[in-house]
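Letters A, B, C and D mark the chains as written, and numbering starts fresh at 1 in each.
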Amino acid sequence: MKLKKDDSEGIPNDLPSNLVDRDNTKVDTVINVNGINIGGGDIVVIAGPCAVESRDQLLDTARQVSGYGANFLRGGAFKPRTSPYSFQGLGEEGLQYLSEARELTGLPIVTEVMDTREMEMVCDYTDIIQIGSRNMHNFPLLKEAGKCRKPILFKRGLMATIDEYLMAAEYILKGGNDQVILCERGIRTFETSTRNTLDLSAVPVLKQKTHLPVIVDPSHGTGHRWLVPIMAKAAVVVGADGIMVEVHNHPEEALSDGMQSLYPEGFAQMMKEMEILAHAIGKEIFHLKHQPA
Amino acid sequence: MKLKKDDSEGIPNDLPSNLVDRDNTKVDTVINVNGINIGGGDIVVIAGPCAVESRDQLLDTARQVSGYGANFLRGGAFKPRTSPYSFQGLGEEGLQYLSEARELTGLPIVTEVMDTREMEMVCDYTDIIQIGSRNMHNFPLLKEAGKCRKPILFKRGLMATIDEYLMAAEYILKGGNDQVILCERGIRTFETSTRNTLDLSAVPVLKQKTHLPVIVDPSHGTGHRWLVPIMAKAAVVVGADGIMVEVHNHPEEALSDGMQSLYPEGFAQMMKEMEILAHAIGKEIFHLKHQPA
Amino acid sequence: MKLKKDDSEGIPNDLPSNLVDRDNTKVDTVINVNGINIGGGDIVVIAGPCAVESRDQLLDTARQVSGYGANFLRGGAFKPRTSPYSFQGLGEEGLQYLSEARELTGLPIVTEVMDTREMEMVCDYTDIIQIGSRNMHNFPLLKEAGKCRKPILFKRGLMATIDEYLMAAEYILKGGNDQVILCERGIRTFETSTRNTLDLSAVPVLKQKTHLPVIVDPSHGTGHRWLVPIMAKAAVVVGADGIMVEVHNHPEEALSDGMQSLYPEGFAQMMKEMEILAHAIGKEIFHLKHQPA
Amino acid sequence: MKLKKDDSEGIPNDLPSNLVDRDNTKVDTVINVNGINIGGGDIVVIAGPCAVESRDQLLDTARQVSGYGANFLRGGAFKPRTSPYSFQGLGEEGLQYLSEARELTGLPIVTEVMDTREMEMVCDYTDIIQIGSRNMHNFPLLKEAGKCRKPILFKRGLMATIDEYLMAAEYILKGGNDQVILCERGIRTFETSTRNTLDLSAVPVLKQKTHLPVIVDPSHGTGHRWLVPIMAKAAVVVGADGIMVEVHNHPEEALSDGMQSLYPEGFAQMMKEMEILAHAIGKEIFHLKHQPA
């Protein structure tokens, strides 16, 4: 491609349509992981603790979210934390517990990578690689993700416009990996009642602009446990292809994000309510249809 | 009340609970207008043009939204416009057309007041008085609204935190008028794909903090016609007591807000979809239950 | 003027240049009040308490700021306050104290009007009428200001773009009053270390777009006393035509804005430092040149 | 250190004071690079192109900024770009040209690192390592910077509060590198007249909270060439220890940031004006005192 003079960091307007554009790929991208379709019409649910804190914590939480119908287990082994004195994650030990939890429950796993040097290793352990909000503009990491053979769950930066977000996803597709799942997780605004402002209109806007699947993370989007199920249901209604929520077997003891983590029972209740709304709009929560009760 | 030293414009913390607080009034406020309950569990729908442009435009639009199930007719006679060269509204002539539309359709009317000097006159014509986003901190107007004998539809400022918004509503209640309907209509953020960012989590947050009814305006919240029904449905799901939407009989000819105004047929379709979601959460769109078809 | 279809609240682009535009009026507007020029190259200083709280408080503060070189006395008689339980101002009694302070010190006065019904009265008492941030989009008030025979100190709304701000000023000019002084006073952002984020680049941007004088309010812009002189000096350097600061004879007892109010001695010190910077860029603080020491 | 339960991503409050805190280190940190002190009272100037585009472009620009008094040469070899189709930098070839420019001019160099895998290599070439806004929360990179033997020019994220910014700097200090230079470069707001909103009050706020030196980047802070010198001067006045500006020998041909890049002659003019202001507040532009003309 010819180099282009570009007077700003703005998005070039005179290029042929990008790989992420719906104009370029009319058919919705469906990402199949172990038989579970993300973007295929049904709604997938990713659940688990913010951080893998211990073998017991993870396995117990995994068993419970699996029992209540989650399709994927989430859990962070490498944690981006505002303070260097906060818990930073268990590293590879955490990845091993995630593997063990997968064997135990059959749930494919989603975990975050933060460092280009760890992409290979994380890729070996996980089924879906998460790139978090703070790394939305970590371009070397996006380029590595482009070479990766696993799907990427790619979260919106908390101060990224939708166009910037799509151009960042373009790095991954351009690199050769078209298995990208977008995730709205709240943007930073002046409002302080919620941790972020969950931008639910971003879901239909993204679905109009791109063929990639879009999920919603109401845990980070709100920061408060009681708001999570309410916003999860709204996410279903605005057309999200899935939900990612934090669930902890003992939120009051969590090393991170305890206030926004669901109790397992709260997760179970949310699943039932989401199912009712999914049915109302002619959709299914993935597992309820495809898995034996 | 004793004067209090207050080092900032911040909200005083050492006061007895405010009139707007749920702690102060445990029972949800229900506002009855001509037999229609706002806040009573069912969902009300306020529809009509941004501005009253002519007798024909208003009566035609009114007839159509009434036929499709709206509970209230909205329409601005006094219009707050960014530019002094934009259409400023028909003034009292517009209020007369609104009265005529009410006689024709039986729909109670909602219209905005911007000037303390016009409060009396607008109050004589309308069933619900709207105070718009730009006047959320127009304290003399709020004080007049406090003396008013009609319910106030009070929109959140596009730059207002939820706490500031509730303290502004407090002006109206303190003035003697406890018939206040809150309305989330989008906040200003850095995102430009939508006109504002509709803060749907504000609905449950408001419902937790106050006993006042809360409705949502997805027209201003998104700025795009196609997004309005999607976000209206999400508003129902997060617990809104009603929806206010702009409908125009010929949006492409509208003197304001044409891009975000629904066609009457789009409004009809939205009503059907909203009804399905209302039923899914055990609610009704008001008219469907109480009015003869 | 022909009505124009306008699909949004956006600013129309196809109009002849507006009255506020520099393209329309090449020469800088200079506003003369009692022999003091605002916009004429020298820097004016407006100082005084946030609110007029008592005769003693005002006269004492007025005497002191006058002695230290202020050109105008500010003080609010009608106060826009977030909470209805905060001090709301003394009303006309406050205006009378301001008149008395003018007689005592010779300083012309600046005070805020919030209600169209009070424009006439405030106009009778004051030399410059202030329209505050919260009323930047109070269009009936702007229209009254357009008919007013006194200069208008017109503050930027805390979430208004520069273009919206100028279109709001256009209301006043279009109404017939071309004596408008613009005032940057901080915008709302996500940052919480300061009360607002003082947007100093707005000063040269405004000076480029319009012929109107521009002043800066570092008191509201920062919310902290110790930051006020620092940002006042920077305001001089970026080209502001003046500064408006809050000074209180006993800030620790102020009924509003105490934390951001200068002590009289701090004001005196700020004036000396501002003078040095004004000289460095070839300007003067107004009084130092024109008044006898 | 004992692990701490932390219910949010918030900054823990119950820790002993952090390494970045002024309470912890009363004396201002002064960073000496080749005899040039950053933070020692004088003002340093870092100048050069956004990106190293070619040997000629860099050497020509370097010669000019050196001639006009810059203390450091900046230039990006690894470029974070919104679009993958924009120029991504010359990589190690760019670093080699920077070395050559250093030999030619004697100016120490500042260049950005984006990838943990490249920290070692960039560290070998450069005198100061830059970590850009988009990587402010790239924690693995911050940890590598902590092990690095070169000073870190660490830019504020465009969405970061001052407290978050300082906690991110804490990662570098905790890692063992106390040679950190902070840099305010504008934050994202709703305003669109400027590329970002340069938060100049952040300079005194940072200087109060931390002992680290603070510089300002008015090029990214404004996005417009004509605003750069104005805001650079204001930065001097609010207490910045230095300025970083983009200068290109042919801005109209720049592959990135051309609109905000100074012409060499504009840079020369800015230096003269900055010197006047530095003198007015009792400071010097570093080179003018210490280097032979």
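Throughout what follows, contacts are C-beta pairs under 8 Å (C-beta built on N, C-alpha and C of every residue); 3 or more make two chains touch, one makes a residue touch a chain.
As the structure is a prediction and not an experimental result, all values here were calculated from the model.
By count of C-beta pairs in contact, C-D exceeds the other of the chain pairs C-D and B-D. Among the other chains, C has the CA centre that is most remote from the centre of chain A.
Mean C-alpha position of chain A lies 33 Å from that of chain D. Each chain gets a centre from the mean of its Cα atoms; for chain C and chain D, those two points are 35 Å apart. Separation between the centroids of chain B and chain D, computed from CA atoms only, is 48 Å. Residues of chain A in contact with at least two other chains: 159, 188-190. By the touch rule above, chain B contacts chain A in their complex via residues 159, 161-163, 187, 189-194, 197-202, 204-205, 208, 221-222, 226-227, 230-231, 233-234, 237-239, 276-277, 279-281.
Those residues of chain D that touch chain A in the complex are listed here as 1, 3-12, 15, 80-88, 114-118, 134-135, 137-140, 158-159, 164, 167-168, 170-171, 174, 188, 195, 223, 253-260. Residue ranges of chain C in contact with chain A, taken from their complex: 188-190.
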